[in-house]
Structure formats: C-alpha cells, structure tokens
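Written below as structure tokens is the structure these notes are about.
The first chain written gets the first letter, and so on, giving A, B, C, D and E; residue counts start at 1 in each chain.
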Amino acid sequence: MSRTLTDLDRRTVLGGGLAALAAPALLLRAARAADEPIRIGFPTPLTGPFGAEAKDQVRCAQIAVDQFNAAGGLNGRKAELLVRDDKLNPGEAATRTLELIEQDHVACIVGSLSSSVQLAVNEVTKARGMLYVSISQSDTITEASDFGRTTFHEALNPHMTAGAVARHVFKPGMKVAILLADYAYGNEMAAGFRRAAAAIGGVEIVLEQKHPFGTADYSTFLPRLRSVKPDVVCICNFGRDQANSIKQAVDFGITRQARIVVPVLLYNQRLAGSPEAFEGIVGGANYYWTIEDRVPSAKAFNDAYRAANNGAVPSDYGAYGYSGVRLVLEAMRRAGGVGTDAVVRELEGYHYDTCKGPETMRACDHQAIQSVLILQSKAKAAMKSAADLFDVLAIEEGSEANLRSCADLGHKT
Amino acid sequence: MTSARSEAHEPTRAQRWRVPLVAAVLAVLPWIAPSQALAVNILIYGLYATGFNLLFGYMGLLSFGHAAFLGAGAYGAGIALARFGVGWFGAIAIGVAASGLLAVLIGALSIRSRGIYFSMVTLALAQLVYYVAFQAESWTGGENGLRGLTVSSLRIGPLSLNFLDPTIKYYVIFGFVTAALWAISRLLNSPFGATIEAIRENEGRAQACGYDVRRMKLMAFTLSGLVCGLAGALDALHLSIVPIDTLYYQTSGLAVMMALLGGAGTFLGPFVGAAIFLLIEDSFSLWTSHWQLFVGAIFILAVLFLPRGAWGTLVAWRADRRA
Amino acid sequence: MEIDLIAVQLFTGVALGAVFVLLSTGLSIIFGMLGVVNFAHGAFYMTGAYAGVFFLALTGNFWLALAAVPLLIGALGLGVERLLIRPLYGRGPDYPLLLTFGLGYVLVEIVRILFGTDGVPFETPALLSGGIDLGGLGYFPAYRLFVIAVTAVILLLLWLLLARTRYGLIIRAGARDPEILSILGIDIARVWLLVFGLGTGLAALAGLLAAPMRSVNPEMGVAVLVEAFVVTVIGGMGSLLGGAIAGMLVGIVVSLTALWMPEMSTISMFALMTLVLLIRPQGLFGRGLAR
Amino acid sequence: MAEPLLAITDLNAWYGPAHVLQGVSLHVGRGEIVALIGRNGVGKTTTIRAAMGLVAKRTGTVRFDGAEIGPRPSHARFAAGLGYVPEERRIVPGLTVRENLRLGLLAAGAGAAEEGRAIDEMARRFPRLGERFEQEAITMSGGEQQMLAIARALLSRPKMILLDEPSEGIMPALVDEMADLFLDLRRGGTTLLLVEQNVELALEISDRAYVLDQGRVVHEGASGILLADPTIRDRYCGI
Amino acid sequence: MRQPVPPLESSASADTVLAAEGLGKRYGGFVALADVSVAFTRGRLTAIIGPNGAGKSTFFALLSGAATPSSGRIRLEGADIAGQAQFRFARMGIARSYQITSLFPELTAHENVRVACQAVHAPARRDLWRGRSHYRALVEEADAALAQVGLLARRSRPASRLAHGEQRALEIAVALAGRPKLLLLDEPTAGMSPEETKEMMDLIARLATERTVLLVEHKMKLVMGLAERIVVLHQGRLLASGSPDDIRVHPEVRRVYLGEGRSGRG
C-alpha cells in the first residue's frame, strides 16, 4: 500500500480508482502548506451532561483564536478552531482525535473535559508526537506512566484543588470525614485532602467513606458518615455525583453538625443545583469571573467574553478553553512556527498570564503552576444577579510547593 | 424476528460470493468514507454487529448484553498488551479467548430464560460485568479506561509494519475482519448453521428431532461472543485505549440498532447497518449536538416501516422479484 | 452503636426500596398486560421529573404537580401507544422493545433541547423539607418518609384496582387471554392503551417523587432503567407483588452492602439478581417461562 | 321475506399465505339453529372466527341484525348482540368461576346488584357451576368448563350465539344435557350457529345445515335431509 | 365407581420395544394420567384412542420425552429412559409427528427433513465447518423421505408455502428422518380430504411394515382397519387394550367412548 495515499484529503477522492489522479494534488498541497491556517483540534463533549460547559469552552477558545488572528496571527498565518464532539466518551474522543490528526492535519489538540477522555486523547497524541494541551482535571496525566513529551496540562489537578481547600478550611483539632467516589478521580481528590491534613497536623481523618461512581442515591452512605460526628465533610466526586450527594447530605442533616467542602465547585453544576442545597459549601476553582476586580487579565478576558456574548460572563471550564488555546498559540508565535519540538521547547518553563494572573508551565511534568480560588456558595438572598453565585474567600497563589514533586510523579530529574 | 431465507444446502451464488463481495467493498472503503478512522470503525462495529446477528438474526435470541463481549475482547487484548507485554497477535488471541469464556458463563445463565426475559437477563448480567470492570481498577484502569497499550509497529516474521499509519492499520484490521467473515460464512453454511436456523424457526420441533437445544444455544451464544470479542480486541488495537464505556449497556444497544437498521438475519445487513449508523452519527453530530434525536427517530421509523432493515429489504425485494 | 447503625441502614434501605418499587411497578404492569418491555421507562421517569419542573415554574405548587404530572405523562404514554406501539402488535415482542429503545433516545434529546443539558434545581416542597427525629434512628428526611407513604398508598390503590374493581378483572383476565375479552365485548385495544398510559404515568410519578431527592437531569433515567429491570427480573416480570417485594429486598441489600462493602453496593443488586436467576429463572414470583 | 339475522356473503380469509376461506356465503334466520359441518381443517372455525371479527385478513360482507358489521371489531359485534363460545372454551386461568362469569357482564357495565342477580340466575340454570363459584375455574372438568363458557356467553342475553364444537371432549351424558340446552335456548328466542364434528348430534338438533369443504360451502339444506344422505357423511364428515 | 375393567393384555415380552410401567403425570393438582402400563411390540402398529381429555396427548408427550412423568417408568428395549431430555429420546430412535403441524416454516421442505436427519447423525450434528452438502448421505436420506411421502417435487419450497395436505405429509417426512425405531404419529390425517386420508393410511401401513408405529387417531374407521392393536384411554387411565375386534366388543369402551346413543360415535 502506497504510503503517500494516506496523506490525501479523502473527502476529495471519490474512490480507489481515483486515487492515482490525486498525486499532483499532493504536490500542490505541499506548496500551499505555508499559508494554510493553523488548525487546532478541539474535542469537547457537546453531547451529554457537560454540554453547557463544553459549549462555553468552545466560545472561549474561539475568543482566543479571534484575538490571535486579529493580532496578525503567526506571520500572517491565521488560526482555525476545529471543534469535534467527543460525546464524553473516550472511544469517541480517540476516534475524533485520530481524524483530526490523520485527516485534518491539525497542528495541535486542545481540549477534553473528563479525566478518562483526556487520557484517551493523550494516548493517541503521544504515540504520534502530536502536541496536546489538556484542560481538564487529572493527577494521572502528569504522572510518568501517562506523561508524554508533547502533553501539557493547563488545568488544575485534584492534588492542587483539594490541598488548597484543605489548607483554607482545616484547623488543628478538627475531625474530618471524606465521602469519595470510588474511581481514580475520587481517590486523587481524597489523597489531596489527606496530604494537606497531614501537613497541617492535628487534623484527624475519622472516616473515608467510598461510594460507587455514578450513584444516584447516597442515602445509604450517610448514616455512617453522620455517626462519626465530623466537623468537616469532604465530598470527593464530580458533576452530577457532587450535586446529588450534597443535596442528600443536606437532607440527612449533615450540615446541621458539619461543614461540607468540595475540591471543585463548578459554576454550571451550582446553577443546575439549587442555591439552598449549595448554601455555604466551600470549594476550589480555577476561575470565577468576579476576580476581575483584582486580576487585570481576568478583566480583559471577561470584557472580551461579554462583548462576544451579550454581556454574559465566562464559566470556569470556559476559562480553561481560552487559556489552553491562547497558551499554545502564544507559544507558536514565540517559536515562530508550528513545529512540535520548537513549541514544546517554548512551553516548558513558560511564564504567562492568560486570564487569571501569572502561571508557569513546569518543565519536568508539564503541569501549569497556577492559583486556586477558594469559593463559597452564596445564600439565595445574597445573590445580586443570576451569575452572582459565589464569594471568593481566598486566592491561593500558584506555588511549586503546593504541587507534588516531579520525583514523586515518577519523572527522572 | 423477520428472518432471512434459509441457507440452502447447496450454497447459492449469492452465498458463495458474499464474502468476496463484502471484502471488495471494504477494501475500497477508506477511499470513500469521510475519514479513515470512521472506516476502521465501520470494520470493527460491522464485525461486532455481525457477531451479534449470529445470535439475533440466525438464532432469534435478542441479547441486550453484547457489550460484555466487545468489552471482554478489548480488555483481554488490552490487559495482555499493557500488563503482560504479550505480542499484538497473542493479545488478540487472548482477547477473543476471554470473550469466549465470558460468553460461556453469561450464556449458561441466560439461555435458561426465553424471549424477553432473555433480553433482560443478558442486559443485567452485562451491567454486572460493567460494574465489576469499573471496580477492578488495578486491572482495567477503571473509569479512566485502560491505557498503555499503544502498538506502534507490527512484527510479522521479518516484516515490520508501521501500525500508526492509518492505511496500514486499516488493512491489517481489514484482514482480520475478512477472515472472520469468511469463517462466519462457513459456519452458517455448515450443519451447525442449519441447526441454529431450525431452532429459531421452531425450538420445540428441533428438540423433538434430537437437538440438544440448550447446548446449541450455548454454542451459538459462545460463537457470537467470540466474534464480538475479536471486534473488541481489534478496537483496543485501533484506539490504543479501552474505555469503560465499551461495556456499558448502550454499547449493547448499538449492536441491536446496527443489526436492525441493516437487516437482522442477513449476512451483510449488520455491516450495512453499522455503516449507516456511523455515517449518520458522524455527519449529524457535525452540525447538531442533538444528533441523538435523529438517530432515535430514524431507528423508530426503521422499526415501524422497515422492519427488515435496509439491506434486508433489498434482499427480500430481489427474492420476491425472482419468485 | 453498630446495632443502631444497622437499624438506620435498614430503614434507609426501605426508603430506597420504595423508589425501586415505584419504578418497577409501571414497567411490570405494562409487561404483564401488553407483553411489552418498555425500554423508554427510564425516559418517562425523567420526563416526569421535568414535567414537575415545568409545573412548579408555572404554578409554584408541588401538590398540584403531583396530581398533574402523572396525568400529563400518562397522556403522553397514551399517544405513544396509539401511534407507535399499536402498529407493532402481532409482530412479536422484540419490536416494541426496540421501538421503545429508540424512543428513549428521542425523549432524552427533546428534554435536552427544551431544558438544556445541565440539569435543573428541584426544591423539596416546603411542607416536607427538614427532617424528623425517629428516636433510635436519629434524624431522617421527612420527604423520604413521605415517599415511603406514597409508595404504600399507590400499591394499595393498585391492589384495590386489580382485586376489587371491574377494571381490575379486565386487566387480570386480559393479561392471560386478551382475545376472550374482545369476544365478551371489551375493547381490548383501549384497555392496552390505558394500561400503557397507567404504566407511563407511574414512571412519571416515580420521577417526580425522586426529583427532590436526586438531581434532575436528562440522563437521570438511564441507570434507573437498568435498576428497574433488575428489580422486575428478581420479582418476576408482570407480578405486582413480586415487584414490591423485590424492590424492598434490593433496597435493603444495597443499603446493607453500602454499610459493609460500600464499593460493592451497586454491584450487589446484580449479584442478587444472578443468584435469584440461578435458583428461579422466572424470578421470585414469576409465572414460569411462558410468553 | 324477512332479512335473516346473520348473513355472510362471499367471505374470504387467509392465515399467512394460506387462503383458508374461499367465498363462503351462508345465512341464519331468527330463531333458527343452523349447523356448520365438515372435517377438521376445512374452515368451519375460521368461518365463525371471521364472523366474530377475529381473523386479521378477510374480505366479504357480514350483515347482522340489519347492519353491516364486516369492518367492526369483535367487541362491537358483541355489543350488537353476537355471542361466541370458542372452541377452546377460553376459561381464564387464575380466575374463579364467579370471576369468569363476571367477564360476560363487563361490557354491559352492570351495577353490583344487577350483576349479582344475573349471576344468581345462571347459578339456578347451571347448578353444577353454582356449587363451584369460588373454585378456580380451570380446575373443573371439561364439561363443566364448557357449561361455564356457554353461561358466560349467555349472561349478556345475546340475540345469537356462535358455538364452536360444544360437544368436544365432553362426557356423553353431558352432551345430551347440552343438546337439550340448545333446544331450550331456541325456544327462548336465541339464534344459534353451531360448528360441530359430531354430525349426528348437529343434524339432529339443527334446522338447517351447511357442509364445508376446502374453504367452500359444498352442500346446504334442511338437516333432516342431510342426515338421511349417507354420502354426505361419508364424503365430508371426518368420521 | 370408576374401577376400570382390567386391560386385556399389557405385560411386556421379549419382543417389546417400548413399555410404559405405571406411568402417571400430574400438573399441580390435576391428574392428567395415572398408572398406565402398556407394552408396544416390535413391528406392530398400535393405535391409542379415547375421548378428548382422556390423556392421549399427555401419554404421547411422556412417550416422546416432551414431558417428564410424575411416576412410573418408560423402558426402551429394557432400559428405563424416563426423565431423560427429549432430545435423547429422539436420538435413541423415538420420533414423533404433531397433530398441529409443527415444521420449520422458513426452511425448504428438503431442509426441514435434512435438518431432522442431521439431528441423529452425530458427526454432522457436531460439524461447524464443512458445508451442509458435504454429508451426501443426509441429503439423499432426506430426499428419500420426501419421495416416500410424495413431496420430492416440492423439495425447494419453504414449508410455509406448502398446501395444508403437503404440510401434513412433510410432518410425517420429518418424523421419518433418521429412520427411527419407533414412530409416534399424532392424528396424522387431521383435516385431510378422503383421498388424502386414504393415501396417508396407505403410507402409514407401509411404514408400519418396517418399524413400530404408535398412532393417536380419532377416525375409528381408519384405526380399526389399520391397527393391529388398540389402546383405549379414558379419564387419564388405561381403559382397555387389545385387538380391534376385542375393543369393538369391550363393554366399558362401548359405554364411555364408542357409545350407542345419538351423542355417540365421536
């Protein structure tokens, strides 16, 4: 089988018989490559429970692309965003990623929303030496076994968020109970709390109650949780699981005796839940729009978003979409091209500020060192607008001290 | 279920040529499909639906748990590659064997029930497999899926093929699928093929004739599982991951949808169905995130107005014209 | 202390079981009468919760929604039976099963279009919010007690309907031999229509009752469908009593596993089902392998 | 001449590809007992099932009591006054004798008191059933079940009853009892169409008879004359 | 009151192919068959008669393995086979036809019979790989059986598209497949025209010269002319058994079955 045939744009070829005719077109394509747009593949779960987050990611990523193009692109070369629906399904994501690489010849992939999907995308990109900027939470992806030379993790990870929340909430002498979803992500979040508790000292973890992933009814886990009489309950799950378990924990009177904290407090999930159920819940976040009063880059980002979306404000996962795309385009511009090696060199150790203040891309594991916001969900009465959901209790600035060391992650240093 | 004409004892011309025919179509598929990754999916899911059809179309048992066998094949091959460093060919064999073993277990439990009960029991048992795989994180990667099984080159004797090259990957998988189809075609032409059709047509009479119907059902169930297992193993090689979703019950539903859209009980129907389904999904999801509305509606319309499926209707129409 | 905990856990299991019972009853009634396995049952459950959201937004009255939602979704069920399922009678049981499978996709997607993909908040009605101190059992959400009570009432009403009324006689006879009813002047097609409506209405009621306990989102019916199947298979398909007992049994088994082997609590119901199938393939109260 | 109560014209029916009835025409006058005889599988049962609207694929006209009922569903035919006692009796398992009887009154929507009266009357008429009201009906003997099936059809006081093989599988003593019942019904004004394999019985109690073969009516006439014709019996009746 | 007249003959002998010993079957509380003992002699044609509900179908179901007896034994050439799976009965050479035609509707006439032949031919039955036509003997045997019932010309037609009489004949051909030792025929002439009935009677007579045949039949004339021996069942019990002449004059049989009054001759 001829190797060259695979490089053809198959949509232009009607059948095997026509393949031979296409050889001249190939030469043409090579000549044209220089002024072709820089394609960025953007797999995101437009279908499924995180559709709202995904759509906001797309809106924000598009802002980054538009800004890049408005600023002249890369020596005149424009960027183009190719959005693909990964359906929150790793298999689908892998297929879409293969298509983006093999057929659309993208320069890099940015995106994904769940831990499993990003690992699937990463598996495909790292085998093919394709640049990938992941924008969803995971501890695993920067660990040596999954890490790839071309993999970058712009999102926070459970270790960082859980740690930041714990450092803010835990006080010596406290009794802490953890409710965690029994899968990688849940365990990672729980581990983050545990490490932070040990570092603070004097914090007693009285119970680690596991529950199966995707449980609809948490009532069966709550009596035991209540019986250990904790001061703080850390709920380590995500999305629907989080909304469900918080609601039921409140129903079962957990909040009458304890404070509920979560590693990640999502903007859209809070909208889907009710202000009553979330009232007073404390959690971490990568972004919340009201930080614009202290962070200039956030103000600029919000304004660009407001202009493009009738005055609405971006969500936390939307900000990831902006940040991930802008990061990689900036690196390309600085590298003066889209060559993977050059861009990787630019990104390693890169200091930047896209929308939330200064960040650094750690060279050894490609994890973005960045701030974590500590948010508290407002009471209904305190909300001034539909978008006024949280109080920002604190911003923990990015620091390598709050990350696991690269040696811990299994990297050779 | 709408059944196909019986396999005549002398293979008809159509039966003799069906494997070369499908092989010829599949050989040019990468050049006509919108993308090569989609073409590979048609191969794999076509084989998956064909395996399912062995049980549903030819034996009349509607399983709603075939995701378990696709998954067992994928995880079997994936674990062999990722955890034990088995070669790619051995991994495929292990995947197929794992799926066959699981099919024996699930089959032995489920063939005790009939009709709709059978569908529900297979569904529930497959969900059990799903949850077990979810929990067995150290083996399966749990929710994150199984990773670390990228095969970048295939060694075949002195030859080394670049498996990352989409064209080479396609034709390697094509080779396996064609071989499997050839084997299935022989199986259907064999006395055993006659037996399962007879059981579909009249289980009681088959029993009275001297067939151990349970055993035959179990055999058909296992063979069906083996084929789906091969599809799963190939999928693991193709995607270089095994997502936990492979085992979820909606993957089982996928086989049902594909077989029905194409034509259950016909040899090529499931392939046609897989191609139709994947093309619809691919093209619709590009312009709307509500593609499931259309998939669901098309499926409803197919059940109502095209119960023989696209290919099945064509076959029946030709048969009627000849008669 | 451990014994107290077990008691609470058992009670929690009963509350959970009540939801299972509600869920499987509609499925079981439709199957028992029409021989149709309704794969859209989970979607009707979800639709019920959303219809509740809609009614609450409109009237702000949970009790009104409680009365209106089963009727509304029941009416939707009537339309589905009349337009989609009826043409399939006589074509074998697989076809309605497949059709409802496709219908599930369509309903979920329609709800996504109308209400978004995110899910929507659903408050516990004010009267039932908060908890009740159950002595040794401690604090228990009042709303869950209410759900147990409603389930009991629904079961009682269904039993009265089946055992004491002429409609019950029609349904009992029709489940065994629909043709004899036609011969004796009963419009069996209408009976099937109404039973399908009743089944979907019950699914909707289950969804509405679950809404204040669980989050309301378009996918809420997916896992629930499989759970309803498991309960129905354990109880014996088409058996109301079987479904009630199996629902409670599953609730308690899941709850106790959650206490001792929390990771296994979802698997436990499937393990229970496998066990039951090994001993009694037709389920605990099934009528054998006919049909 | 008065219009017959039931008039079937050019009835055709199919089971799958099999053309079971090929243009059957027959009529039954008010107050008549008409017998439909012929061997197994010639279409007798199909004829009355089609008359009752229970055969999916059929053509031809069926007039009953002055109205065309051909397109109507079975339950509407019942409402028009057409009763039917099917061959397999169709006693519903799981229901008691009383409940099985009540099925015959469901369509009328009778009140409890009225229902009780009607059922009590049946108990007087069929004392064997009266003794067993609370028993599960399928545990009764074949003859008792047949009585129940007939009683169930009678409860709604139909103008006409279609009876399919009422003597099948019934003890001789009961068969005589049943024959008396039919004659008694006729005296009460009920019209009967009787499908019977027991040709002697059928011809003895009926006024007229039709002989069916291969989906067609091949003979018709007064029962007495047919009974006297040995070739009819030999050629067309399955004994 | 229902003390049966002792059977005229029932003891097994060396020539017995199949023997029922105290065979009984109950469904829940309902006794369908009680304590029936009959022996069937090699090469003979035996008819089983009795009114509907007498237990003929149950008896038949037990002898063909379709139902498992609640009590008693079934001996095939001396060995007790009661309780074995139905397919083992068939493989041991007990074949049956059905009163209500029971075929493989979408399969051709030939394939109907060939599949039945294949069922008792172990190598073919277990073969998943070679083509069906590889087993020539089965193909020929199937065609021979079709020829025997006069259906060879229809071999390629799906069973569902045969005429009623042809389907009845195919029913017999399927039962004949695999050359059973014992052929159980359940009302083979149901619904046949006189000509067809005559042909079927001739066929059964021919078949009976080569093997043991058991026949459940309603048509007394056919039974009396054909059977060498008649077994009468009544209300689940053996009422009588003997030659047609014996049965004709058996007082109890006359009373409950053959009858004398207008309600008679059923």
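Everything below uses one rule, namely that a contact is a pair of C-beta atoms (placed from the backbone, for glycine too) under 8 Å apart; a residue touches a chain by one contact, two chains touch by 3 or more.
Source: prediction; values computed, not measured.
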Set of chains adjacent to subunit A and to subunit C: B
Shortest chain-hopping distance from subunit B out to subunit C: 1
Greatest separation from subunit D - chain, by CA centre: A
Relative to subunit C, chain with the most remote C-alpha centre: E
Centre-of-Cα separation between subunit B and subunit A, whole angstrom: 35
Distance from the mean Cα position of subunit E to that of subunit C, given in whole angstrom: 49
Subunit C-subunit D separation of Cα centroids, rounded to whole Å: 43
Between subunit B and subunit D, centroid-to-centroid distance (C-alpha), Å: 53
In subunit B, residues with contacts to at least two other chains: 131, 135, 290, 292
All chain pairs that touch each other: A-B, A-C, B-C, B-E, C-D, D-E
In the complex, subunit C residues that touch subunit A: 1, 4-5, 8-9, 12-13, 15-16, 19, 112, 116-124, 131, 138-141, 143-144, 213-215, 217-220, 223-224, 254-255, 258-259, 262-267
Footprint of subunit D on subunit E - complex, ascending: 29-30, 51-53, 160-161, 164, 190-194, 218-221, 256, 259, 261-266
Interfacial residue positions of subunit B with respect to subunit E in the complex: 3-11, 186-187, 189-195, 197-198, 201-202, 204-213, 219, 223
Subunit E-touching residues of subunit D, taken from the complex the two chains share: 16-18, 39-42, 139, 141-142, 167-172, 175-176, 179, 197-198, 200-201, 204, 213-214, 234-235, 238-239
Footprint of subunit C on subunit B - complex, ascending: 1, 62, 109, 112-117, 119-121, 123-125, 127-128, 131-132, 135, 249-250, 253, 256-257, 260, 290, 292-293, 295-300, 303-304, 307
